[in-house]
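Presented below are the structures under discussion, each in the form of C-alpha coordinates.
Heads up, the next two complexes both have subunit A, just with different partners, subunit B and then subunit C.
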Partner chain A sequence: MRDDLLDPRAVLLHESAADRDAAVRRCGRALVEIGAVAESYVEAMLERERTISTYVGEGVAIPHGTAAAKEDVERDAICVVRFPGGVDWDGEQVTLCVGIAAKGNGHIPLLAELAEILLDPDRARTLREATEVSQILKELT
Partner chain B sequence: MARRTVAVASASGLHARPAKLFVQAAMGVPAAVTIRAGDKAVPAKSMLGVLSLGAVHGTEVTLEADGPGAEESLDTLAALLARDLDAEDSSHA
Partner chain C sequence: MAGIDSKDIRKIIVACDAGMGSSVMLASQLKKQLKNTGVTVEHTPVDSIPADADIVVCHSGLAARARAAAPDKPLVPFQIFLGDPAVTKLVDAIKNGGTVDA
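Presenting the complex of A and B:
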(Lines of atoms letter the chains of each structure in order from A and count residues from 1; the text may use other names and numbers.)
(Lines give C-alpha, C1' and ligand atoms only; values in the text may rest on other atoms or scores of the structure.)
Protein backbone atom coordinates (compact mmCIF):
# COMPACT_ATOMS: atom_id res chain seq x y z
CA MET A 1 0.00 0.00 0.00
CA ARG A 2 1.07 3.56 -0.65
CA ASP A 3 2.17 5.15 2.58
CA ASP A 4 2.29 8.70 1.20
CA LEU A 5 -1.50 9.04 1.22
CA LEU A 6 -1.89 9.75 4.92
CA ASP A 7 -0.09 12.81 6.23
CA PRO A 8 0.12 12.65 10.07
CA ARG A 9 -1.04 16.30 10.09
CA ALA A 10 -4.31 15.08 8.59
CA VAL A 11 -5.02 12.77 11.53
CA LEU A 12 -7.31 14.63 13.96
CA LEU A 13 -8.52 12.56 16.87
CA HIS A 14 -10.37 14.93 19.19
CA GLU A 15 -12.83 16.81 17.01
CA SER A 16 -16.49 17.55 17.52
CA ALA A 17 -19.19 18.38 15.01
CA ALA A 18 -22.79 19.45 15.50
CA ASP A 19 -24.03 17.55 12.49
CA ARG A 20 -23.06 15.62 9.41
CA ASP A 21 -22.35 18.68 7.27
CA ALA A 22 -20.07 20.13 9.95
CA ALA A 23 -18.19 16.83 10.12
CA VAL A 24 -17.78 16.71 6.35
CA ARG A 25 -16.55 20.32 6.37
CA ARG A 26 -14.00 19.43 9.06
CA CYS A 27 -12.70 16.58 6.89
CA GLY A 28 -12.58 18.86 3.86
CA ARG A 29 -10.68 21.47 5.86
CA ALA A 30 -8.11 18.85 6.89
CA LEU A 31 -7.52 18.00 3.22
CA VAL A 32 -7.28 21.69 2.29
CA GLU A 33 -4.79 22.35 5.10
CA ILE A 34 -2.32 19.74 3.82
CA GLY A 35 -2.62 21.13 0.29
CA ALA A 36 -4.31 18.05 -1.15
CA VAL A 37 -7.40 19.82 -2.47
CA ALA A 38 -8.64 23.28 -3.42
CA GLU A 39 -11.19 24.99 -1.20
CA SER A 40 -13.98 24.22 -3.69
CA TYR A 41 -13.55 20.48 -3.06
CA VAL A 42 -15.25 20.87 0.34
CA GLU A 43 -18.53 21.91 -1.31
CA ALA A 44 -18.25 18.92 -3.63
CA MET A 45 -17.89 16.65 -0.58
CA LEU A 46 -21.09 18.10 0.89
CA GLU A 47 -22.86 17.70 -2.44
CA ARG A 48 -21.80 14.04 -2.65
CA GLU A 49 -22.98 13.37 0.88
CA ARG A 50 -26.41 14.85 0.11
CA THR A 51 -26.70 12.67 -2.98
CA ILE A 52 -25.70 9.44 -1.30
CA SER A 53 -24.44 8.73 2.21
CA THR A 54 -20.81 7.67 2.46
CA TYR A 55 -21.48 5.71 5.64
CA VAL A 56 -19.82 2.29 5.27
CA GLY A 57 -20.58 0.62 8.61
CA GLU A 58 -18.88 0.14 11.99
CA GLY A 59 -19.35 3.83 12.83
CA VAL A 60 -17.23 4.95 9.89
CA ALA A 61 -18.00 7.25 6.95
CA ILE A 62 -15.72 8.01 4.00
CA PRO A 63 -16.62 11.51 2.73
CA HIS A 64 -15.25 12.45 -0.69
CA GLY A 65 -16.06 14.78 -3.57
CA THR A 66 -18.16 14.21 -6.65
CA ALA A 67 -16.55 12.84 -9.80
CA ALA A 68 -16.86 16.33 -11.29
CA ALA A 69 -14.63 17.70 -8.51
CA LYS A 70 -11.58 15.63 -9.42
CA GLU A 71 -9.99 18.72 -10.94
CA ASP A 72 -10.01 20.28 -7.47
CA VAL A 73 -7.68 17.53 -6.26
CA GLU A 74 -4.01 18.53 -6.19
CA ARG A 75 -2.80 15.11 -5.07
CA ASP A 76 -4.28 11.87 -3.76
CA ALA A 77 -4.59 11.94 0.01
CA ILE A 78 -6.78 10.85 2.89
CA CYS A 79 -7.50 12.33 6.28
CA VAL A 80 -8.67 10.59 9.42
CA VAL A 81 -10.94 12.65 11.65
CA ARG A 82 -12.35 11.22 14.86
CA PHE A 83 -15.43 12.58 16.60
CA PRO A 84 -15.43 10.96 20.06
CA GLY A 85 -18.88 12.39 20.81
CA GLY A 86 -20.33 10.86 17.67
CA VAL A 87 -22.14 12.50 14.77
CA ASP A 88 -25.64 11.62 13.59
CA TRP A 89 -25.25 10.46 10.00
CA ASP A 90 -28.75 10.02 8.59
CA GLY A 91 -29.66 7.88 11.58
CA GLU A 92 -26.29 6.13 11.87
CA GLN A 93 -23.80 7.08 14.54
CA VAL A 94 -20.38 8.01 13.10
CA THR A 95 -17.27 8.33 15.23
CA LEU A 96 -14.62 8.15 12.53
CA CYS A 97 -14.40 9.80 9.14
CA VAL A 98 -11.86 8.87 6.53
CA GLY A 99 -11.96 11.77 4.09
CA ILE A 100 -10.75 11.02 0.60
CA ALA A 101 -9.19 13.14 -2.13
CA ALA A 102 -8.49 11.11 -5.23
CA LYS A 103 -7.72 11.90 -8.85
CA GLY A 104 -7.26 8.31 -9.92
CA ASN A 105 -7.38 4.90 -8.31
CA GLY A 106 -4.37 5.22 -6.02
CA HIS A 107 -6.48 5.20 -2.89
CA ILE A 108 -8.46 2.05 -3.66
CA PRO A 109 -5.98 -0.39 -2.09
CA LEU A 110 -6.09 1.78 1.01
CA LEU A 111 -9.89 1.73 1.07
CA ALA A 112 -9.82 -2.04 0.66
CA GLU A 113 -7.43 -2.26 3.58
CA LEU A 114 -9.66 0.04 5.64
CA ALA A 115 -12.66 -2.18 4.88
CA GLU A 116 -10.60 -5.23 5.83
CA ILE A 117 -9.80 -3.63 9.20
CA LEU A 118 -13.42 -2.67 9.81
CA LEU A 119 -14.60 -6.22 9.08
CA ASP A 120 -12.55 -7.29 12.11
CA PRO A 121 -14.53 -6.00 15.15
CA ASP A 122 -11.42 -5.74 17.36
CA ARG A 123 -9.40 -3.75 14.84
CA ALA A 124 -12.46 -1.60 14.05
CA ARG A 125 -12.74 -0.74 17.74
CA THR A 126 -9.03 0.10 17.93
CA LEU A 127 -9.48 2.53 15.06
CA ARG A 128 -12.66 4.12 16.47
CA GLU A 129 -11.13 4.51 19.92
CA ALA A 130 -7.64 5.62 18.89
CA THR A 131 -6.29 8.55 20.88
CA GLU A 132 -2.78 8.61 19.41
CA VAL A 133 -1.88 9.49 15.82
CA SER A 134 0.63 6.62 15.85
CA GLN A 135 -2.18 4.08 16.40
CA ILE A 136 -3.95 5.29 13.27
CA LEU A 137 -0.76 5.33 11.21
CA LYS A 138 0.10 1.83 12.40
CA GLU A 139 -3.28 0.44 11.37
CA LEU A 140 -3.59 2.25 8.04
CA THR A 141 -0.11 2.44 6.55
CA MET B 1 -25.33 -22.23 -8.57
CA ALA B 2 -26.02 -19.45 -11.08
CA ARG B 3 -23.10 -17.22 -12.08
CA ARG B 4 -22.30 -14.05 -14.02
CA THR B 5 -18.83 -12.71 -14.64
CA VAL B 6 -18.59 -9.05 -15.49
CA ALA B 7 -15.88 -6.38 -15.67
CA VAL B 8 -16.44 -3.40 -13.39
CA ALA B 9 -17.36 -0.52 -15.72
CA SER B 10 -17.34 2.40 -13.31
CA ALA B 11 -14.36 4.66 -13.86
CA SER B 12 -13.50 4.82 -10.17
CA GLY B 13 -13.95 1.09 -9.65
CA LEU B 14 -16.26 -0.60 -7.17
CA HIS B 15 -15.97 1.73 -4.23
CA ALA B 16 -17.56 4.95 -2.99
CA ARG B 17 -20.77 5.74 -4.85
CA PRO B 18 -20.75 2.82 -7.31
CA ALA B 19 -20.23 0.41 -4.41
CA LYS B 20 -23.07 1.98 -2.44
CA LEU B 21 -25.45 1.74 -5.40
CA PHE B 22 -24.42 -1.87 -5.94
CA VAL B 23 -24.95 -2.79 -2.29
CA GLN B 24 -28.33 -1.04 -2.22
CA ALA B 25 -29.36 -2.97 -5.33
CA ALA B 26 -28.15 -6.23 -3.75
CA MET B 27 -30.40 -5.57 -0.76
CA GLY B 28 -33.34 -5.16 -3.11
CA VAL B 29 -33.03 -8.42 -5.06
CA PRO B 30 -34.63 -11.66 -3.85
CA ALA B 31 -31.53 -13.90 -3.86
CA ALA B 32 -28.56 -13.77 -1.49
CA VAL B 33 -25.78 -12.91 -3.93
CA THR B 34 -22.06 -13.42 -3.40
CA ILE B 35 -19.51 -11.28 -5.23
CA ARG B 36 -16.07 -12.68 -5.91
CA ALA B 37 -12.83 -11.05 -7.09
CA GLY B 38 -9.89 -13.41 -7.42
CA ASP B 39 -10.09 -15.87 -4.53
CA LYS B 40 -12.01 -13.52 -2.28
CA ALA B 41 -15.79 -13.81 -1.97
CA VAL B 42 -18.09 -11.61 0.11
CA PRO B 43 -21.86 -11.03 0.45
CA ALA B 44 -22.99 -8.45 -2.12
CA LYS B 45 -25.08 -6.78 0.61
CA SER B 46 -22.00 -5.96 2.69
CA MET B 47 -20.60 -2.51 1.95
CA LEU B 48 -17.40 -3.29 3.83
CA GLY B 49 -17.13 -6.66 2.11
CA VAL B 50 -17.53 -5.09 -1.34
CA LEU B 51 -15.01 -2.35 -0.51
CA SER B 52 -12.53 -4.93 0.74
CA LEU B 53 -12.40 -6.48 -2.75
CA GLY B 54 -10.50 -3.40 -3.95
CA ALA B 55 -12.02 -3.79 -7.42
CA VAL B 56 -10.90 -1.10 -9.85
CA HIS B 57 -12.22 -0.21 -13.32
CA GLY B 58 -11.93 -3.32 -15.46
CA THR B 59 -11.58 -5.82 -12.60
CA GLU B 60 -13.50 -8.99 -13.44
CA VAL B 61 -15.87 -9.99 -10.68
CA THR B 62 -18.12 -13.03 -10.47
CA LEU B 63 -21.61 -12.90 -9.01
CA GLU B 64 -23.07 -16.11 -7.61
CA ALA B 65 -26.47 -17.04 -6.20
CA ASP B 66 -28.65 -20.06 -5.51
CA GLY B 67 -32.35 -20.68 -5.19
CA PRO B 68 -35.49 -18.76 -6.13
CA GLY B 69 -34.87 -15.55 -8.04
CA ALA B 70 -31.16 -16.28 -8.49
CA GLU B 71 -31.10 -15.68 -12.25
CA GLU B 72 -33.04 -12.40 -12.16
CA SER B 73 -31.04 -11.20 -9.18
CA LEU B 74 -27.77 -11.82 -10.99
CA ASP B 75 -29.05 -10.18 -14.17
CA THR B 76 -29.99 -7.05 -12.24
CA LEU B 77 -26.68 -6.76 -10.42
CA ALA B 78 -24.53 -7.70 -13.43
CA ALA B 79 -26.27 -5.00 -15.49
CA LEU B 80 -25.49 -2.46 -12.80
CA LEU B 81 -21.80 -3.39 -12.72
CA ALA B 82 -21.64 -3.11 -16.51
CA ARG B 83 -22.68 0.56 -16.34
CA ASP B 84 -20.30 3.44 -15.65
CA LEU B 85 -22.03 4.80 -12.56
CA ASP B 86 -19.45 7.57 -12.24
CA ALA B 87 -20.29 8.93 -15.70
CA GLU B 88 -23.96 9.03 -14.75
CA ASP B 89 -22.93 10.94 -11.66
CA SER B 90 -21.04 13.60 -13.65
CA SER B 91 -23.96 14.19 -15.96
CA HIS B 92 -26.09 15.10 -12.96
CA ALA B 93 -23.52 17.24 -11.22
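Presenting the complex of A and C:
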Protein backbone atom coordinates (compact mmCIF):
# COMPACT_ATOMS: atom_id res chain seq x y z
CA MET A 1 0.00 0.00 0.00
CA ARG A 2 1.18 3.53 -0.73
CA ASP A 3 2.63 5.27 2.32
CA ASP A 4 0.71 8.48 1.82
CA LEU A 5 -2.73 6.83 1.57
CA LEU A 6 -3.35 7.04 5.31
CA ASP A 7 -1.43 10.09 6.51
CA PRO A 8 -1.05 10.04 10.33
CA ARG A 9 -1.97 13.76 10.27
CA ALA A 10 -5.40 12.72 8.99
CA VAL A 11 -6.04 10.40 11.93
CA LEU A 12 -7.97 12.45 14.51
CA LEU A 13 -9.16 10.46 17.49
CA HIS A 14 -10.63 12.99 19.89
CA GLU A 15 -13.12 15.02 17.87
CA SER A 16 -16.70 15.98 18.54
CA ALA A 17 -19.52 16.92 16.17
CA ALA A 18 -23.02 18.21 16.85
CA ASP A 19 -24.57 16.28 13.98
CA ARG A 20 -23.92 14.20 10.89
CA ASP A 21 -23.18 17.16 8.62
CA ALA A 22 -20.66 18.58 11.10
CA ALA A 23 -18.96 15.18 11.28
CA VAL A 24 -18.79 14.90 7.48
CA ARG A 25 -17.36 18.44 7.29
CA ARG A 26 -14.70 17.53 9.86
CA CYS A 27 -13.70 14.53 7.72
CA GLY A 28 -13.64 16.68 4.60
CA ARG A 29 -11.47 19.28 6.30
CA ALA A 30 -9.00 16.59 7.36
CA LEU A 31 -8.66 15.58 3.69
CA VAL A 32 -8.31 19.24 2.62
CA GLU A 33 -5.63 19.84 5.27
CA ILE A 34 -3.37 17.07 3.95
CA GLY A 35 -3.77 18.35 0.39
CA ALA A 36 -5.72 15.33 -0.86
CA VAL A 37 -8.80 17.21 -2.07
CA ALA A 38 -9.95 20.69 -3.05
CA GLU A 39 -12.27 22.56 -0.70
CA SER A 40 -15.26 21.89 -3.00
CA TYR A 41 -14.97 18.16 -2.30
CA VAL A 42 -16.44 18.71 1.17
CA GLU A 43 -19.77 19.86 -0.31
CA ALA A 44 -19.83 16.77 -2.53
CA MET A 45 -19.36 14.60 0.57
CA LEU A 46 -22.38 16.26 2.18
CA GLU A 47 -24.41 15.84 -1.00
CA ARG A 48 -23.58 12.14 -1.22
CA GLU A 49 -24.43 11.58 2.44
CA ARG A 50 -27.86 13.18 1.96
CA THR A 51 -28.59 10.91 -1.02
CA ILE A 52 -27.50 7.60 0.48
CA SER A 53 -26.04 7.23 3.94
CA THR A 54 -22.49 5.85 4.05
CA TYR A 55 -23.16 4.10 7.36
CA VAL A 56 -21.65 0.63 7.02
CA GLY A 57 -22.35 -0.91 10.42
CA GLU A 58 -20.58 -1.37 13.78
CA GLY A 59 -20.73 2.38 14.48
CA VAL A 60 -18.70 3.22 11.40
CA ALA A 61 -19.49 5.47 8.43
CA ILE A 62 -17.32 6.01 5.36
CA PRO A 63 -18.16 9.48 3.99
CA HIS A 64 -16.93 10.24 0.49
CA GLY A 65 -17.77 12.43 -2.49
CA THR A 66 -19.79 11.85 -5.63
CA ALA A 67 -18.66 10.60 -9.02
CA ALA A 68 -18.67 14.18 -10.30
CA ALA A 69 -16.40 15.28 -7.46
CA LYS A 70 -13.56 12.99 -8.50
CA GLU A 71 -12.04 15.96 -10.33
CA ASP A 72 -11.61 17.63 -6.93
CA VAL A 73 -9.40 14.77 -5.74
CA GLU A 74 -5.67 15.45 -5.91
CA ARG A 75 -4.63 12.00 -4.73
CA ASP A 76 -6.20 8.90 -3.19
CA ALA A 77 -6.31 9.38 0.56
CA ILE A 78 -8.12 8.18 3.68
CA CYS A 79 -8.80 9.99 6.92
CA VAL A 80 -9.93 8.42 10.19
CA VAL A 81 -11.91 10.68 12.50
CA ARG A 82 -13.19 9.39 15.81
CA PHE A 83 -16.05 10.97 17.72
CA PRO A 84 -15.94 9.39 21.21
CA GLY A 85 -19.23 11.08 22.14
CA GLY A 86 -20.98 9.57 19.13
CA VAL A 87 -22.87 11.24 16.32
CA ASP A 88 -26.48 10.57 15.37
CA TRP A 89 -26.36 9.28 11.80
CA ASP A 90 -29.97 9.05 10.61
CA GLY A 91 -30.83 7.03 13.70
CA GLU A 92 -27.59 5.07 13.85
CA GLN A 93 -24.86 5.92 16.34
CA VAL A 94 -21.51 6.59 14.66
CA THR A 95 -18.25 6.82 16.59
CA LEU A 96 -15.76 6.39 13.78
CA CYS A 97 -15.63 7.89 10.32
CA VAL A 98 -13.31 6.65 7.62
CA GLY A 99 -13.38 9.47 5.08
CA ILE A 100 -12.41 8.64 1.52
CA ALA A 101 -10.98 10.61 -1.37
CA ALA A 102 -10.28 8.49 -4.42
CA LYS A 103 -9.97 8.83 -8.14
CA GLY A 104 -8.02 5.61 -8.59
CA ASN A 105 -7.98 2.22 -6.91
CA GLY A 106 -5.17 2.83 -4.42
CA HIS A 107 -7.52 2.72 -1.45
CA ILE A 108 -9.26 -0.56 -2.27
CA PRO A 109 -7.00 -2.83 -0.17
CA LEU A 110 -7.63 -0.61 2.85
CA LEU A 111 -11.41 -0.73 2.34
CA ALA A 112 -11.27 -4.50 1.94
CA GLU A 113 -9.43 -4.69 5.25
CA LEU A 114 -12.01 -2.39 6.84
CA ALA A 115 -14.78 -4.72 5.65
CA GLU A 116 -13.00 -7.64 7.33
CA ILE A 117 -12.69 -5.66 10.56
CA LEU A 118 -16.36 -4.67 10.56
CA LEU A 119 -17.47 -8.28 10.12
CA ASP A 120 -15.53 -9.20 13.27
CA PRO A 121 -17.21 -7.52 16.27
CA ASP A 122 -14.07 -7.75 18.46
CA ARG A 123 -11.84 -6.11 15.87
CA ALA A 124 -14.54 -3.53 15.16
CA ARG A 125 -14.63 -2.61 18.83
CA THR A 126 -10.82 -2.32 18.95
CA LEU A 127 -10.95 0.06 16.00
CA ARG A 128 -13.81 2.13 17.47
CA GLU A 129 -12.10 2.43 20.85
CA ALA A 130 -8.60 3.19 19.57
CA THR A 131 -7.07 6.21 21.26
CA GLU A 132 -3.63 6.07 19.61
CA VAL A 133 -2.85 6.80 15.98
CA SER A 134 -0.52 3.80 15.91
CA GLN A 135 -3.43 1.44 16.76
CA ILE A 136 -5.44 2.74 13.81
CA LEU A 137 -2.50 2.39 11.42
CA LYS A 138 -1.83 -1.13 12.68
CA GLU A 139 -5.44 -2.25 12.23
CA LEU A 140 -5.99 -0.76 8.80
CA THR A 141 -2.67 -1.23 7.04
CA MET B 1 -37.55 -10.38 -13.92
CA ALA B 2 -38.91 -13.25 -11.88
CA GLY B 3 -35.56 -14.69 -10.97
CA ILE B 4 -32.39 -16.22 -12.31
CA ASP B 5 -30.94 -19.69 -11.88
CA SER B 6 -27.69 -19.31 -9.98
CA LYS B 7 -25.98 -21.58 -12.57
CA ASP B 8 -26.44 -18.77 -15.09
CA ILE B 9 -24.58 -16.21 -12.99
CA ARG B 10 -21.04 -15.70 -14.27
CA LYS B 11 -20.64 -12.01 -13.66
CA ILE B 12 -21.99 -9.84 -10.84
CA ILE B 13 -21.91 -6.07 -11.06
CA VAL B 14 -22.02 -4.03 -7.88
CA ALA B 15 -23.46 -0.76 -9.17
CA CYS B 16 -22.71 2.41 -7.33
CA ASP B 17 -22.66 6.16 -7.66
CA ALA B 18 -19.10 7.29 -7.03
CA GLY B 19 -17.54 3.84 -6.88
CA MET B 20 -15.07 4.84 -4.22
CA GLY B 21 -16.66 3.74 -0.98
CA SER B 22 -19.28 1.33 0.22
CA SER B 23 -19.82 -0.45 -3.09
CA VAL B 24 -16.07 -1.08 -3.27
CA MET B 25 -16.26 -2.62 0.18
CA LEU B 26 -19.18 -4.83 -0.80
CA ALA B 27 -17.49 -5.89 -4.05
CA SER B 28 -14.34 -6.89 -2.18
CA GLN B 29 -16.40 -8.98 0.24
CA LEU B 30 -18.35 -10.65 -2.57
CA LYS B 31 -15.12 -11.44 -4.42
CA LYS B 32 -13.75 -13.08 -1.32
CA GLN B 33 -16.94 -15.05 -0.62
CA LEU B 34 -17.18 -16.23 -4.23
CA LYS B 35 -13.54 -17.13 -4.63
CA ASN B 36 -13.15 -20.50 -6.42
CA THR B 37 -16.70 -20.34 -7.80
CA GLY B 38 -15.56 -18.86 -11.12
CA VAL B 39 -17.99 -15.96 -10.72
CA THR B 40 -16.55 -12.53 -11.53
CA VAL B 41 -17.40 -9.51 -9.37
CA GLU B 42 -16.85 -5.96 -10.57
CA HIS B 43 -18.07 -2.56 -9.47
CA THR B 44 -19.15 0.05 -11.98
CA PRO B 45 -21.09 3.32 -11.91
CA VAL B 46 -24.85 2.72 -12.03
CA ASP B 47 -25.06 4.45 -15.43
CA SER B 48 -22.52 2.16 -17.11
CA ILE B 49 -23.53 -1.38 -16.22
CA PRO B 50 -21.80 -3.60 -18.80
CA ALA B 51 -23.84 -5.66 -21.27
CA ASP B 52 -22.27 -8.94 -20.13
CA ALA B 53 -23.44 -8.56 -16.52
CA ASP B 54 -25.68 -11.44 -15.43
CA ILE B 55 -26.99 -9.79 -12.29
CA VAL B 56 -26.73 -6.35 -10.70
CA VAL B 57 -26.40 -5.70 -6.98
CA CYS B 58 -26.98 -2.16 -5.73
CA HIS B 59 -28.16 -0.11 -2.77
CA SER B 60 -31.94 0.24 -2.73
CA GLY B 61 -31.48 4.02 -3.02
CA LEU B 62 -29.94 3.49 -6.46
CA ALA B 63 -32.30 0.72 -7.61
CA ALA B 64 -34.48 3.00 -9.75
CA ARG B 65 -31.44 4.37 -11.59
CA ALA B 66 -30.03 0.86 -12.07
CA ARG B 67 -33.36 -0.38 -13.49
CA ALA B 68 -33.49 2.55 -15.88
CA ALA B 69 -29.90 2.01 -17.00
CA ALA B 70 -30.13 -1.77 -17.40
CA PRO B 71 -33.84 -2.71 -17.61
CA ASP B 72 -33.14 -6.27 -18.81
CA LYS B 73 -30.83 -7.23 -15.93
CA PRO B 74 -31.95 -9.04 -12.78
CA LEU B 75 -31.40 -6.71 -9.83
CA VAL B 76 -30.74 -7.46 -6.17
CA PRO B 77 -31.25 -4.33 -4.08
CA PHE B 78 -29.81 -4.19 -0.57
CA GLN B 79 -30.11 -1.86 2.43
CA ILE B 80 -27.06 -2.75 4.50
CA PHE B 81 -23.59 -2.54 3.00
CA LEU B 82 -22.19 -5.44 4.99
CA GLY B 83 -24.18 -8.54 5.85
CA ASP B 84 -27.43 -7.71 4.04
CA PRO B 85 -29.75 -10.76 3.91
CA ALA B 86 -30.42 -10.28 0.17
CA VAL B 87 -26.70 -10.45 -0.59
CA THR B 88 -26.21 -13.43 1.72
CA LYS B 89 -29.00 -15.26 -0.14
CA LEU B 90 -27.32 -14.50 -3.47
CA VAL B 91 -24.00 -15.91 -2.25
CA ASP B 92 -25.69 -19.02 -0.82
CA ALA B 93 -27.56 -19.65 -4.08
CA ILE B 94 -24.37 -19.40 -6.13
CA LYS B 95 -22.51 -21.75 -3.81
CA ASN B 96 -25.28 -24.28 -3.22
CA GLY B 97 -27.47 -23.89 -6.29
CA GLY B 98 -30.96 -22.50 -6.55
CA THR B 99 -32.89 -19.58 -7.92
CA VAL B 100 -32.18 -15.99 -7.03
CA ASP B 101 -35.19 -13.70 -6.74
CA ALA B 102 -34.26 -10.59 -8.65
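In the analysis below, the second predicted complex is superposed on the first by the 138 of 141 C-alpha atoms of A that agree within 3 Å, B and C clash if a C-alpha of one lies under 4 Å from a C-alpha of the other, contacts with A are read in each partner's own complex, and residues count from 1 in each chain.
In this text, a residue touches a chain if its C-beta (ideal position, glycine included) is under 8 Å from a C-beta of that chain, and two chains touch if they have at least 3 such contacts.
Bear in mind the structure is a predicted one, so any value in this text is a computation, not a measurement.
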{"item": "Fit or clash between subunit C and subunit B when superposed on subunit A", "value": "clash"}
{"item": "Subunit B versus subunit C as contact partner of A:47, first or second or both or neither", "value": "first"}
{"item": "Touched partner set for A:112, first subunit B, second subunit C, both or neither", "value": "both"}
{"item": "First, second, both or neither for A:129, with subunit B first and subunit C second", "value": "neither"}
{"item": "Touched partner set for A:57, first subunit B, second subunit C, both or neither", "value": "both"}
{"item": "Touched partner set for A:71, first subunit B, second subunit C, both or neither", "value": "neither"}
{"item": "Residues on subunit A lying within both footprints (that of subunit B and that of subunit C)", "value": "48, 51-52, 54, 56-57, 62, 64, 66-67, 100, 102, 108, 111-112, 114-115, 118-119"}
{"item": "Touching residues (chain side subunit A, partner subunit C) in the complex", "value": "48, 51-52, 54-57, 62-67, 69-70, 100-103, 107-108, 111-112, 114-115, 118-119"}
{"item": "Parts of subunit C lying in touch with subunit A, wherever the complex brings them together", "value": "17-22, 24-26, 28-29, 32, 45, 59, 61-62, 80-83"}
{"item": "Touching residues (chain side subunit B, partner subunit A) in the complex", "value": "11-13, 15-17, 20-21, 46-57, 86-87, 89-90, 93"}
{"item": "Complex contact set, residues of subunit A against subunit B", "value": "47-48, 51-54, 56-58, 62, 64, 66-68, 100, 102, 105, 108-109, 111-112, 114-116, 118-119"}
